[in-house]
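In what follows, structures are represented as structure tokens.
Both complexes shown next keep subunit A, but they swap its partner, so subunit B is in the first and subunit C is in the second.
Up next is the complex of A and B:
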């Protein structure tokens, strides 16, 4: 039963299982154990980034192609909700229109880019997606009548999930039962569902073909699989999931701007999450996303502490400045590519395998 | 018994010359002429053309190294933009240190200041390039996926180091006194600095063409781009060539960074990432590994972005992408396809 839910792809390491259970329990219990806007925000962001990073892993880890336009699809999803809400009012119909339009747009874009550039060489794909994403971001900030330009859009969501809605006046276990709580659980539950769906995809025969292409594209082509078709399908699927993540994020934040979903910084965040968590293991996205979002919130505090002590040393001191936290994560990123190519999850699984050498 | 027919020794004249491919070169004048009715007024068009050429040549400076590096060792350096940013910041520091030279009205002193800045930028970027090659790129030869990720990671780290050294604020980059303002011939305003950029770019392109086409070193580089294994079989170490090309490419990117900083009169760390997009478009248009294609591509992108920036500013970045799509529909491997890879 449990194995079926996880598509026969269990964590395969006791430590990893414990970590995953802690993350899941933490996400579900956040409103009750850490009440407060900040921790709810971190929780929702972790959930959304799990979907975003896992969908990126579908391309990077399972198919072996690098795209830099992933945040473009994330942004399309978020703008879909934002624009639909500002133009048509905060109704469920508007949300549905936004969702369908966003999914269509990112499918068409992803399919177009893939068919155009994956035919020639996989490296073209990385370069062309970088260019298209940059152009798309400029366009989004230029079309300020629709997108609100650099300032972004503040919009309303349907009443059921807006903070003004209240289920009951009484508090339950210290948390007020309002629309914010419903929105939080909507984000967490849908993210969990999407994650399980992706797990299903990578463990299907289709997923096996993707991995075959990643490991030896010449051979998979020789076996009769059209690499272009499979790679394009993988990139379209990833785009669809990223769009859904963007939709969830917009529903949660009730705000969207270029810096929140489209910018290249988010793309780098996703890369860091996937690589540090573990490429080619969807669980890596979960671990990486939790680690990254917590680090983003609290590494800065730690650096502030260190900076206070050594800020007299010229260059080293400057590197411990709280704003330089990305330096340390970047270093971790480069080192993990060299020394742990399958990230934290790969390391844990290798450890579990080494401890019981007799198992199958 | 077989009869052997003596083979007449081929004279030099008998060897068929490789056919020259002029078609892509024609694209530049075609684009320039097409733009005239779109822009409308002749003086504006002339100003935009000069600006486009200046921008194109600066892009060429930065992109040429990257395309050669790719051609030689099949390494795509996604962190190339960092050398641009580094060059720009070193340039700013040098120019502000030489405040006396830039403030004086003597053209020679001004030129010397820019020369010093460009040289310092090239030396620093070249040195960092060698380190970058050694630390970041060398462990991942032949692994495309890891190359993209690692060079990207190297860029993140290096960008943070630049931020730590120079601070996060945008730096204004003043052009020296005698290079401010513009000449005016018959209603056509030509910014003096752009003229200098065009001269410098053309000089470097000429020097590079001579080096690549008329010297043994250039012959080896070109041969290495076409077929590395064969050159190695002949006893040359392509690895050493490659380190040299990587360093030279980084140095040119640093010089390009200083020039681009002066062109925009403003330097931020985003300058690297901003240029990276244009550079990729340029080398895809030109054909990966081709210096000539890179030159044509850079001029086309520089011109197109200036014209479109004037006619329809909102779709500016898309103009370069549209250009790339059109050219790839015509020649899927770029203007001058080099290697069969």
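Up next is the complex of A and C:
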């Protein structure tokens, strides 16, 4: 039963299982054990980025194709909600229209790019996605009547998930039972469901063909698989999941702008999450997203704390200045890629396998 | 096979007509016309660079032909890409081992079994739930004597086992035309019989058409019903083994060249 929910692709490492349980429990309990807007934000962002990074892994780790248009789909989802809400009002109908329109646009774009460029070579696909993503970003900032340009859009969401809504005036375990809480759980639960769905896809007959294509595309063709169809389908699926992640993110933030979902900075973040977590494992997206977002959210505080105690020491004090947090984040990544070339999940699984070599 | 009992028809399973490919000014395969029949094993021999593997590539569709046609069951398949030719019944084991290195031995075969069963686009069913396909893959592993390596990633196999797996993947496709490209190359002496027995069994089962590129003349003598000799991309001899090996053209073109190179080496 449990094995089937996880598509018989269990963590296969005790340490990894513990880490995953901690992340899941942490996400579910955040509103009660770490009350406050900031921790909720980090929690929701972790959940959304799990979906975003896992969908990127579907393409990069499982199919072996590099795309730079992944955040474009993320942005399409977020803009879909934002534009639908500002144009039609914050109703559930508007949300549905936004969701459908965003999914359609992503699918058409991903399919178009794939069929146009994937027959040739994977590297050509990467370049085309870069061009399309850059064009889309310019368009989003130029069509300011719709998108709010560089400033982005502040919009309302349906009452049930907006902060103004209140279930009860009483607090429950220190958390106020309001729309924000409902929105938080919506994001976490839907993200979890989408993750399990992706886990199912990579463990289906289709998923194994993707891995075969990644390993040796010449041979998969020789066996009778038409690579272009599989690669296109993989990139469309990734686009759909990224769009859904964007939708969740917009519902949570009630804001969207180019810097929030579209920018290449986020593209790099996603790439780092996938690589640090472990390409081609999907669980890597969970570990990577949690690590990355916690580091991004709290490293500065940690440094502030450290700096307060040692700011009298000349060089080292300056190194631990809170403004240097990006330096430490960068160092963290360089070290983790150096020590875990197959990502954290890859390392943990290899370790578990080495400890009991007879198990299969 | 329902038609196994039928009288073998005279129509060839596979035929090439004037098959030609040029790489720049170099003609690698030059107007080769040849027909291959049901229940036969044809050895294709010739010195290195004679165009044997290129001829295979033209048949299975890895390289587009510059001119000429390929017919399978009388249907012109020249315009079809490799995957569709495979689905119509052309199976190929490659000379340079061509596996999925990060997948296990079982998964490699399973991918081929699945290609045959045509279930690749199933997105939401579980890979592990198809007991029929898993069983089929295991049966093939038994046949190629690799069952003990079932869960080893293909890249960790010794060379001889990789060659066997290569052949196993072709078996999984259950093709009508089997194309072996030097199946025993680089194998240790005690491994060779596994492959040879396998080829004999396929041949004995009748109804299939086997093409074999092979350098070892003893293997060719043992297995082939017919020998086709390629030299500089041209078909220079075609006939029963004893006849072809004795013919002056072959002595000159093939064995003669081999002798000359040996002399040159000295």
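Here is the rule we use: the second predicted complex is superposed on the first by the 318 of 360 C-alpha atoms of A that agree within 3 Å, B and C clash if a C-alpha of one lies under 4 Å from a C-alpha of the other, contacts with A are read in each partner's own complex, and residues count from 1 in each chain.
Here, a residue touches a chain if its C-beta (ideal position, glycine included) is under 8 Å from a C-beta of that chain, and two chains touch if they have at least 3 such contacts.
Note that the coordinates shown come from a computational prediction; the quantities given were computed from them, not determined experimentally.
When both complexes are overlaid on chain A, the residue A:127 reaches subunit B alone and has no touch with subunit C. Of the two partner chains, subunit C is the only one that A:212 touches; subunit B does not reach it. Touch criterion met: A:4 reaches subunit C, while subunit B stays clear of it.
Comparing subunit B with subunit C, the partner in contact with more residues of subunit A is B.
In the superposed model, A:200 lies in contact with subunit C only, and not with subunit B. By the touch criterion defined above, A:230 reaches subunit C but does not reach subunit B. Once the two complexes are laid over each other on the shared chain, residue contacts for A:92 go to neither subunit B nor subunit C. Chain contact summary for the complex, subunit A toward subunit C: residues 4, 7-8, 200-201, 203-209, 211-212, 214-216, 218-227, 229-230, 233, 237, 360. Per the touch definition, subunit B reaches subunit A in the complex via residues 76, 78, 136, 139-140, 144-146, 148-150, 152-154, 156-157, 160-161, 163-165, 168, 273, 276-277, 280-281, 284, 314-318, 320-321, 324-325, 328, 332-333, 341. Taken in their complex, subunit A has these residues touching subunit B: 60, 64, 66, 116, 119-124, 126-128, 130-132, 134-135, 138-139, 142-143, 264, 268, 271, 275, 315, 318-319, 321, 323-324, 326-327, 329-331, 333-334, 337-338, 341. Those residues of subunit C lying in contact with subunit A across their complex are 60, 62, 81-84, 86-87, 92, 94, 98-103, 107, 110-112, 114-116, 119-128, 130, 150-151, 169, 173.
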